[in-house]
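Across the two complexes that follow, subunit A remains constant while its partner is subunit B and subsequently subunit C.
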Partner chain A sequence: MRRRFRPHILVFLAPAVLIYTLVMILPLIGTLNLSLFNRVEGAESFVGLGNFRTLFGDPRWSASFWNALGNNTWFFLIHMLVQNPIGIALAALLSTPGRRFASAYRTAIFVPTILSFVIVGFAWKLILSPIWGIAPTMLASVGLKSLFAPWLGQEASALTTLALISVWQFVGIPMMLIYAALLSIPEELIEAAELDGITGFAQFRKIKLPLILPAVGIVSILTFVGNFNAFDLIYVTQGALAGPNFATDILGTFLYRTFFGFQLQLGDPHMGATIASVMFLIILGGVCLYLFGVQTRLRRYQF
Partner chain B sequence: MGSLTLRGISKSFGATEVLRDIDLEVHDGGFTVFVGPSGCGKSTLLRIVAGLEEPSAGDVLIEGERVNDRAPADREIAMVFQSYALYPHLTVRDNMALGLRQARTPKATIEARVAEAARMLSLEPLLGRRPAELSGGQRQRVAIGRAVVRTPKLFLFDEPLSNLDAALRVNTRVEIARLRRELRATMIYVTHDQTEAMTLADQIVVLNAGRIEQIGAPMELYRDPANIFVAGFIGSPRMNFLDGARLGLQAATLGIRPEHLRLDRVAGEFEGRVSHVEHLGGETNIFVQAGAHGLLTARRFDEESFALDERVWLTPDPARRLLFDAEGRRLR
Partner chain C sequence: MARRGRLRAFGAHAALLTYTAIALFPVFVIVINAFKSRKAIFGAPLAPPTPETFDLAGFRAVLTQGDFVLYFQNSLIVTLVSLALVLLFGAMSAFALSEYRFRGNTLLGLYLALGIMIPIRLGTVAILELMVATHLVDTRTALILVYTAQGLPLSIFILAEFMRQISDDLKNAGRIDGLSEYAIFFRLVLPLTRPAMATVAVFTMIPIWNDLWFPLILAPSEATKTVTLGAQVFIGQFVTNWNAVLAALSLAILPVLILYLIFSRQLIRGITSGAVK
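On to the complex of A and B.
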């Protein structure tokens, strides 16, 4: 039997739909639309996929784009390989019963996530500065001065250093999500494992980890979306030029320079919108891959 | 397979004392049931035996060996939990095999033991399923199977039937009794259900407020309770307690079971009015408001029916009455 259409449902849906449309859907459509136009001989005109052809076809544009995409991928990989395993490990440690000061550690590790990028970026810039930073002094005090290098200033290490700063700031988020997932595992299940002789790391690997995989999946996709939208940390520490020599240029900073212009480069809203559209498609693709390829295979368990 | 001795076990959580000075002997191959109202410490006692909880004082001995300092897995025990606590991500087969694999048991042995347990509990068609795809009763059997494959010295059951519906509960009870005969294992079983205690145990330990009230065989507790608590806890419907002084007795309380309280229309020791009748088929419980003696229950095994408000006479069977002193201790 079909239910009669009930008009009051529209009233309840309206606020969310209106606001979401206003601040998310319209700008998105505007951006996609903008990327299909360009200024030809002083007048706006429809160029179809011409801007995309320029972005991928023009040697200079495409070199910048692929550089930014490559850097962004590396930025993401560092988060996946460093931030999330550390977050999981911290959550596992904090959730074992009888650990002293657990809540103090939890708070301390989570605090950086609520700090502004500006503070974090600037603080780390100061810490790592070869001239007045405390990192060289601290290393010197334990006799390891030779290990110090101006990490943020070298092409080879700048991006990794920034990624690790970001990891330091955000490791609290996977920690909290995984911690919550671990707490939802019933006590009796863990006791059953204890009686079966499955203790310590084996218990984590064979019992707990499989049960928190859905949470790990969520953490991964949040990391992916967050990293491919990242901009602020790079902008604060290295400026819009994402130096040295674009070694830390990611899609966000590339978009910013293109759209608004920087120093001698003139702002180009059409090419900017093109880059934004490509970023949107990359993230859309990644999320779809996760939703349809991974999440459908993850089992959620009811305890 | 294994005997268990508890010597002077006490347990406190902070300032609250949950167990006080528990001494207990469970013989090899015995089936002991811990029974008592909720909060009496019976589950805590079981968890102390399992090693999931540490006693504040006292010793746990399995086969005469002190195991206080041994990890749960090294005590050669197996436990069945109230919630079954199956590993939700593993199949029935892996649920049973995981502990053995962890102990690096040879593959062939694991397979043989899992197959044997599956046969015993008729789990063969379910071996490839995950717990979510099983019914409550099937999960319970898997939990028992997981205990069986470990060939433990002691089986511990923590209220294993309380999540099952009534019909399944009876079946599983019979199943556990059969399993016990087949395995000749020593079993300790915690329940708040006295029917389970009476039907399964050969030794019942009645706990109340962290102390053992009485230890004995089921019928011994029924016939010869040591105090008013055990008398009231064992037996359903509950034993009637009458004020001794009103009946002109030396004892403070007279206890009489409903089946030993004779109900008559013509004559008896004291009179009352029928206030409620429960027909259970084979038996009938008649609730009688007996003036100063309060509400009493009489139980008859015929199909005689009584009307509400009917005047009746009651007589406690003098041979079966139990007398208690003011502290609730039995007077013999």
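On to the complex of A and C.
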């Protein structure tokens, strides 16, 4: 059946499609395109993959790049190993039927997630500061004062500390998504398990966990995209130089410094675009891996 | 058996209470110390303010030194206008995608969904060039355009899912009564999507209000600073004035916290109803 042209469809779609295309898609393509150009003898010229060769091959660039990528990977791993298990555990505790005050706990634990990085970054900086002394005093009260160190200022511990601060901030997201998944498990299934004598942790591991794996997959890919796109927390607490000695430099701060310049180095839009393109490919790779490698293999149960 | 159950419940509450304390402790410490004198901030950081230690010096410094009223206004304008555009344009597109069958429908849906996973920040280099070319640098319009583009993909996705569940009978009854497609959308469908709209609104608002990257890059001028950027710059300049820093942080926390407590039910219901999947 041939339909006649219906102008209202165009009217409904036009504003969103136009803004989305002009402000998001075209700049994304523009950035990818810009990474293939550079200034040669004062004139803009096509250099192919030359910028990428510089980024990976020129020791001045590649050392910073691999450092940022390595740090970013560690940042992501901490989220996967700390944030998501804690989120799942909290969701499991909250979703037990008849749990009292469940909604009060949920509301409170989600509070850090709504705060801006500026608040979170400075608040923790103050709390961990040796000058104010909240952290050392609290450790002293349980007899562990010797454990205290200016964690944010030391190369060995700064990145891990920041990752844990970020975990503190975002643990609410896995908690909520897993909680929703746990609530959607039908009661008969749980009752059947209880009749068979499977309760408590065994019940969680054998019955519930396999059923919420798709939600765990979603949480993982959200964590991945969020972490490889992170910038704010590091910038707020450690500045654009991601100190001490670039120990907390991740791809987002590296991109910012390259694009805008810092101290005496001038900003470089072409190399900035190159780093953004690499980040784009990393995120795209992760998303594709999830969509085609993980999601299709997870068994979904229909209730 | 009953005894074991009670023991288990006790353990669960202990774990949840501990984590709640960890989640709230930093916020609590910042807010109570903002109302204390400098001496008390360092002398007894964990004690709540008493009549002797109560001091608003920090707030006075913030209100006289930083132009927080203006920053607040900027944040409010940028957030509310972007939010309105995301909701309106998002709902319109969602309606077109869920209501009509036309060539390229699925493809267009996928195209619009791309932005859910790919962060708009990666296009920053070219976005800045675009804003420079159109003379929009250091305007709130630049931020509004970027945040509208950023918010549209998820809002279209959620709203389209929701609109697919609205009964066809209602819309067809409207058509028989001679309503135009626009009237069907604005008078019949839009009022029914209110619950989904509320969810989308919260998800759209929080990242816009909290964003530091785009205000820093596209609108860092004094006249267009948002609260988030303003607080960041202010605290950077006043690092040694602890009263001012704590007061600035509290002023940034409290409005968000109050809004959250009002809307938390909506937000949590939105997430747990499976609107985000």
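What we mean here is this: the second predicted complex is superposed on the first by the 286 of 303 C-alpha atoms of A that agree within 3 Å, B and C clash if a C-alpha of one lies under 4 Å from a C-alpha of the other, contacts with A are read in each partner's own complex, and residues count from 1 in each chain.
As a convention for this text, a contact is a pair of C-beta atoms (placed from the backbone, for glycine too) under 8 Å apart; a residue touches a chain by one contact, two chains touch by 3 or more.
All values derive from a computational prediction rather than experimental measurement.
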Item to complete: Please tell me, clash or fit, for subunit B and subunit C sharing subunit A in the overlay.
Response: fit
Item to complete: Scan A:P210 for contacts with subunit B and subunit C and give back first, second, both or neither.
Response: first
Practice prompt. Look at A:P27 in the shared chain and tell me whether it touches subunit B only, subunit C only, both, or neither; answer first, second, both or neither.
Written response: second
Worksheet item: Which holds for A:D196: it touches subunit B only (first), subunit C only (second), both, or neither?
Response: first
Worksheet entry | Superposed model, angle subtended at subunit A by subunit C and subunit B (C-alpha, nearest 10 degrees) | 80
Discussion item. Quick check on the superposed pair: does A:A123 touch subunit B, subunit C, both, or neither? Answer first, second, both or neither.
Written reply: second
Worksheet item: With the two structures laid over each other on chain A, which partner does A:P269 touch: subunit B (first), subunit C (second), both, or neither?
Response: second
Worksheet item: Counting only touches as set out at the top, which of subunit B and subunit C does A:G293 meet: first, second, both, neither?
Response: neither
Practice prompt. See if subunit A has more residues touched by subunit B or by subunit C, and give me that chain.
Written response: C
Item to complete: Examine A:P59 and indicate which partner it touches, taking first as subunit B and second as subunit C; both and neither are also allowed.
Response: neither
Worksheet, complete the sentence: With chain A overlaid, the minimum CA to CA distance between subunit B and subunit C in angstrom is 6
Discussion item. Give me the intersection of subunit A's contacts with subunit B and its contacts with subunit C, in residue numbers.
Written reply: none
Worksheet, complete the sentence: Contacts from subunit A onto subunit C in the complex sit at residues 3, 6, 8-9, 11-13, 15-17, 19-20, 22-31, 34, 86, 89-90, 93-94, 96, 99-101, 103, 105-112, 114-120, 122-124, 126-127, 132-134, 137, 168, 171, 176-177, 179-180, 183-184, 200, 218, 221, 225, 229, 231-232, 235-236, 252, 255, 259-260, 269, 272-273, 276-277, 279-280, 283-284, 287
Fill in: Complex contacts: residues of subunit B adjacent to subunit A
50, 52, 71-74, 77-79, 81-83, 85-89, 98-99, 102-103, 132, 146, 150
Worksheet item: For subunit A, which residues are in contact with subunit B within the complex?
Response: 186, 188-189, 191-199, 202, 206-207, 210-211, 299, 301-303
Worksheet entry | Residues of subunit C that touch subunit A when the two form their complex | 8-9, 12-13, 15-16, 19-20, 22-24, 26-27, 29-30, 41-42, 45-46, 85, 88-90, 92-93, 95-97, 100, 102, 108, 112, 114-115, 117-127, 129-130, 145-146, 148-150, 152-153, 156, 180-182, 185, 206, 209-213, 217, 228, 231-232, 235, 242, 245-246, 249, 252-253, 256-257, 260-261, 264, 267-268, 271-274, 276-277
